[in-house]
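Chain lettering (A, B, C and D) follows the sequence in which the chains are written, and residue indices restart at 1 in each chain.
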Amino acid sequence: MWLLKNIPNRELILFFVITSLIFSLFSSTFRSAGNVENILIGFSHLGILAIGQALPILMRGIDLSVGSILALVGMVMFDCYIIFHMPGYVVLPIAIAVGTMAGVINGILITRFRIQPFITTLATMAAYRGLTYAISGRQLVPESATQAIDDNLLGLFDEFSGIFPYSFFLLLIVLAAAQYILSRTRIGLDLYSIGGNPEAARLCGIKVDKMIIISYGFSGFCAALAAIVMVSRMTTSTENLGIGIELTAITAAVIGGISLQGGIGNAIGPVIGAFLMGVILVGLTLTGISTYAQPVITGVILIAAVSYDRYKYYKLRSKNSAGESA
Amino acid sequence: MTILLSARNLTKKYGSLTALNNASLELRAGEVRSLVGANGAGKSTLIKILTGAIDANQGKVLLDGVPLKLGDPTTMLEAGIGCIYQHSNLVPALSVLDNIYLGRQPVLSFSRLDRKKQRAEAEELLLKYSLKLDLDAIVSTLPTVRQKEVEIAKALALNAKVLLMDEPTAWLSHTEVNNLFTTVRNLQASGVGIIYISHMLDELYAICDSVTILRDGNIVEDCAISDLTRQELLEKFIGKTLAQAATKTNQHAQKEHVPEDVILRCENLSKKGEFDDISFDLAKGEILCITGLIGSKRTELMHTIFGSNSLDSGRIFLEGAEYENRSPANAIKHQIGFVPEDRHRDGLMMQANIQDNLLMVSHDKIAKFGIVNQIKVDQRVSKQIKQLNITPADPNKIVSKLSGGNQQKVLIGKWLELHPKVLILDEPTVGVDVGAKSEIYTLIRKLRDQGTAIIVVSSDMEEVMGIADRIMVMCSGKKQGIYNAASISQQKIIAYVGGEAQS
Amino acid sequence: MISSISNTSITAPLSKINISVIALPAALIIMSVIFSILDPVFFSGQNLITILHQSSIVGIMALAMTFVIITGGIDLSVGPVLAIAGVLCAWFLQISDDSVLIAIPATLSICFTIGAISGSFVAFIGLPAIVVTLATMSIVRGAGLLIAGPSLHLIREPESFLFIGSGLIGGIPVPVYIFVVLAAIAIFVQKKTTFGVLVSAVGDNHRATFLSGHNSNKIKIICYGLCALGAAIGGIIQASQVHTAAATYGAGIELDVIAAVVLGGASLMGGSGTIQRTIMGVLMIGIINNGLGILNVQIEMQLIAKGAIIICALLISQLDQRRSK
Amino acid sequence: MDLKYLIKTIQSVAKNYRSNSGKKVISSLLKTCVVGSFLSIGLNTANAAEKKMVFIQFQPHTVSLAWSKGIEEVLSVQDDIDYQLLDGQGKVDVQINLMNTVINQGVDTIFIQPVDSVAISPAIKKAKRKGIVVITLNINATAKHAAHIEMNHYFGARQIAKVMGEKMGGVGKVAILNAPPGIIIRDQRTNGFIDGMKEYHPNIKIIANQVADWSRKKAQDVFSTMLIANPGISGVYGINDSMALGAVDVAKAKGLLDQIVIFGNDGERDALESIERGELSGTQYTDVYQQGRYAASIASVLATGNVDADDIKEQGHLLMPYIIATKETVADIKIEQRW
């Protein structure tokens, strides 16, 4: 049983290593330290987003609005720093608060009004994007579009400590915290319970609505952190930041073994999933494969990544339960 | 004894339908009160109000004289009202340990889990009630019976003042039921009030002190169980005529096995890890009951014959010709029907209506070029609904809103549409009330008399003795023997089943 | 028994006038009334046809998507399939000397195959549909770019092909007819055929469907094939409307399509959903886009309003579902 | 002898289709797959003497394709240059990641159409530190780099406003089919057009400004809605040609083509043909091939090593010449200049 719980990750790590090895074989640059740095700094924000996404999915939901929250937080940071000249240590808490609030609003809409998470977050995805356009300092003060955010604190996540970027440390902190909460605390167990059987959880006195709001709040919080990392790298923010990133984050989470049926998965898988996406993008670029052939190969790798551990899982499951030959 | 729980004037309405009307109930400490009623009489509604799953339109619930907030599970749990649910209320992907303490895990500071304490408490609990459960097993990998035990352990772990038990013995074997009874008596001795719901009259008389009878949402009787005879009890809640039919169940004429009429013959069926070298035959117009303990792999054997489980070696003959158990589709083509054990998981489309469920296996016959002929559908469906006495008799009613008995009837009706030559029924009366049960028995017998060969898999000895022509006992995947029902006593069968289990 | 019989007589008429059935149309009507008050031109016949015309491509795709979502799946690859259908059609027209009768069936069958392939991964290996179709999305997009590059391929001939997207019959654009006819067919398939019933059955209880002797994998595969087919029809109409085919078309359209289906009340968990309600979902999105456009609302407010309207519309339909609970 | 070879061969086969001889495609594709899979077994042996140049495009699009063709045309005459086209997917983060990857790979020149001027700058600075030449196309970067070659967005749009106003006779109502915010050329073009209208034709009112996502289909939908809300529209400016052509489609279907002046921007082949047919009123034409050639020429000069990128003290900034192509002037654009 212990095996069953842990196998998806093990297969994924194996797949990740094999993919990396293949790329290393074809490209000498891929196996350089510089490239490791690039992948770490380039995809840490995706890892954070994927962890954030994992929680709503664990609760049988989905958060499509993370891309828009990302843009909203980015734009708030931009406005605060460029237009209102706030210092970095003020901007950061505001950014985190905005992102978390946006997530909490998602959660409240879902629990209060009992609307499907998919359509709720699709609606807020549009709304937050619209809000981003509306508060865009780039539109309101056109000359600000060419100004860079030049603050030591806000630029921190583009810096390295040795070969590891600070954004990667941030990812590790989020990962450790999320994994700890999921595996060692009541909150985590309650999340799994709700994902596994919401009605049973409710009857056992678990505050289902509160936990759902927490999970979407956490997703928004992670989106805010990702936005901070991205703004740090770009030294600015744009209105179209994060378009389409929600699908990438969801894919990373699902590849990482988070079941869309809820209740199964951990925080580590999504991070590996996110870096797998990174390895694929960078690897295909470095092996010199034509830009139009890249999406084809990306798709094949994605299917392969989920196929293998699913196959193992099904084999195990059919062994364990009776008459499951279907 | 003091009054522990008091429900006063509870009324629950769904739209214009009154599910529970002005119902009052009292429970003393150390009392085992049975709650009896046909499916749909309002038992579930009452239980749901007591567990806080739903709110009542009217009325209140007092525990030790203190009124409780209705519609809030947490209040009820904290007040000390626990429940063993009829349907699984477990989280499939979590371990047994976590399920037992669902929502109440002991914590250290910062909501950290106290695993040590949790495990120690759980082990103590299992020991105390002599339950044998692997605490680290993932619930979804356990068979239904073990899940039921987890459910029981979960309720016991509450140390509740009031324990509601909604059909706790469904799926449990004889020994396990006895075990549970011991538990109930222990709890009773320690002053716990218990509300016990079951369709098994034997159990009620064995364990309960008092009885509350519900009918159409009203409480029609509230007295000590010893004041009523079985017949009276039945009459009170299902009506006189049905009650007479139900008691008649036990007087049943067995049929002789006629070797010339054999339609299905299984020779040396084996599957590694499941069953080994099983041979039997089945004649037209005969009921073969297969019984045994849980884990005797009866269900797997049935799935194999039906084609939804594979076979390592052995041969199956249907009407003299060798038959390949390729797939359920193939079985259906050969007019073999199969009513699976778990109707929620394997049998019904819960969100679909009665009509679609009834026609699930016979759609192709009614449809021409894939287009459904509505007139034929209506004819067949209304005929079937009438024949099976499915209520409500509305073909568009969603199945999940039906009572357990009616769901089971729909499931059986679906196979009747096939006019099966062989019909396999796996635990056909689990979770079904007495009235519906007797209707199902009548139906099975009628089918037999029409010449259908029937296999009934059952753990319920009363049921086996009541309807079988021949009985096959299985144990750990092996055939213990086939006996003529007329010439063997219930005690003997139990001995075969239990005696072998120990070896 | 007896109790339930007496209950039936009370509940039967109530369940027939299920309020939640009226809720979505009610939301549609309220929205239309508000838009009409704000600008009366909204309610002109001309504009209503325009709304249908504007919704037709997403609508056709949503019809097919409904089947996939009922089985409990999802198809994200419709955007690239829409694009590649246009490209393939252009290519077939080129090599078949502008024969629409060859080009369209050939395109449709290839696209059906694409969908069926992703369906097989979902059905046989049991991979999560969202990942499989995301991969297909990527693969088909790449394949489109490989065969056609990012450039625009002009389709000037033949007249019959252009008629599909740009023609008028009795003043009403042809795509509207196609949408209406396909909607009628889809409703018929769902209500009156074995296939329609089985699609719901598979989404409801995959295993029970299998145990009832049906090939549930086959049904799933057909659904994904149909979804790609719907996308392909959309692609052909679009190529014909814009006289151009390009591998880059259809980006992001999957969310519009899925939104329409889910707005219609289909659950992504499978088992529920009807074509009629999907059509209402399509119309709702069409009306929102059109109404906000008529009022010349700027993009930022348009997006905020769109989000708010969707939530309000769902609230209305949710309200009485809760009451009936 | 690597994966690249396989892909390139497949691409060359695919090109057959584009050059109208698609009948052999399937058989040759099969051949390629068989031969290619044998050849692809082998490691990437890069030629040390080879110079490597990459173009990180915004996303696959006709304009970037034409740039790429222009660049390739120049680079192909120098056989020691390896050229690769990369897809930025229209996302800032993807572009930054690709920049970092190719910088790490040690390419010599990067052509890029940045998604955002400021966002790409840290990466450009990093490239500069490694001695990599960066040439931006169309959207400038705030960090100093070797050269920037741009279509004339602002002044081109002003000029469009002027010519359009003249065609409209100085009065009327105009609608803009716009792109979603987040890309600077949208603002440059819109502002140029609005400023131009104010300056040259104060009597022309801009009554609607709606987003149509750069897409012809979306533009059809948006413009048909606009027409219903404002039946008196007499002019439309689509900030790219696709959107303008979408408006043409609608106007044509409604028989309003002679009453509405429709202008696009960019000057792609389809638009020029439409002008010749007398449907689209005009567009701003830029020779995008030429733009690519200029970029490649600068890159070639810098790649010789005789001129150091730092020697160009002020960043090379080239504003492409443009023509406002209307029915009268469209014939001046030669066939080989059309893209």
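Basically, contacts are C-beta pairs under 8 Å (C-beta built on N, C-alpha and C of every residue); 3 or more make two chains touch, one makes a residue touch a chain.
Computed from a prediction, not measured in an experiment: that's the story for all the values here.
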| note | Overlap of the chain A and chain C neighbour lists contains B, D
| From the centre of chain C, which chain's CA centre is farthest? | B
| Chain centre separation (chain A, chain D; CA means) in Å | 32
| message | Can you work out the whole-Å distance between the CA centroids of chain B and chain C? | response | 42
| field | Computed distance of Cα centres, chain B from chain A, in Å | value | 44
| message | So the centre of each chain is just the mean of its C-alpha atoms; given that, what is the distance between chain B and chain D in Å? | response | 69
| query | Which chain A residues reach two or more other chains? | reply | 133, 136, 244, 290-294, 326
| remark: Multi-chain touching residues of chain B, meaning two or more other chains, are 308
| remark: So chain D residues touching two or more other chains come to 10-11, 60, 180-181
| query | Could you list each pair of chains that touch, in label order? | reply | A-B, A-C, A-D, B-C, C-D
| field | Touching residues (chain side chain B, partner chain A) in the complex | value | 51-53, 73-74, 77-78, 83, 85, 88-95, 98, 102-105, 107, 110-113, 136-138, 140-141, 143, 274, 297, 299-300, 303, 308-310
| note | Within their complex, chain A touches chain D through residues 25-29, 32, 34-35, 37-38, 41-43, 45, 133, 136, 138-139, 142, 145-148, 158, 230, 233-236, 238-241, 243-245, 278, 281-282, 285-294
| request: Spell out the part of chain C that touches chain D in their complex, as residue ranges. | output: 39, 41, 44, 46-47, 50, 53-54, 57, 91, 94-95, 145-152, 154, 166, 168, 173, 238, 241-244, 247-249, 289-290, 293-296, 298-300, 302
| task | Please name which positions on chain C make contact with chain B in the complex. | result | 1-8, 10-12, 14-15, 192-195, 197-198, 200-201, 204-205, 207-215, 271-272, 324
| query | Taking the complex as given, what residues does chain C use to touch chain A? | reply | 76, 121, 125-128, 130-132, 134-139, 141-143, 145-146, 149, 206-207, 210-211, 252, 255, 258-259, 262-263, 267-269, 299-308, 310-311, 314-315, 318, 322
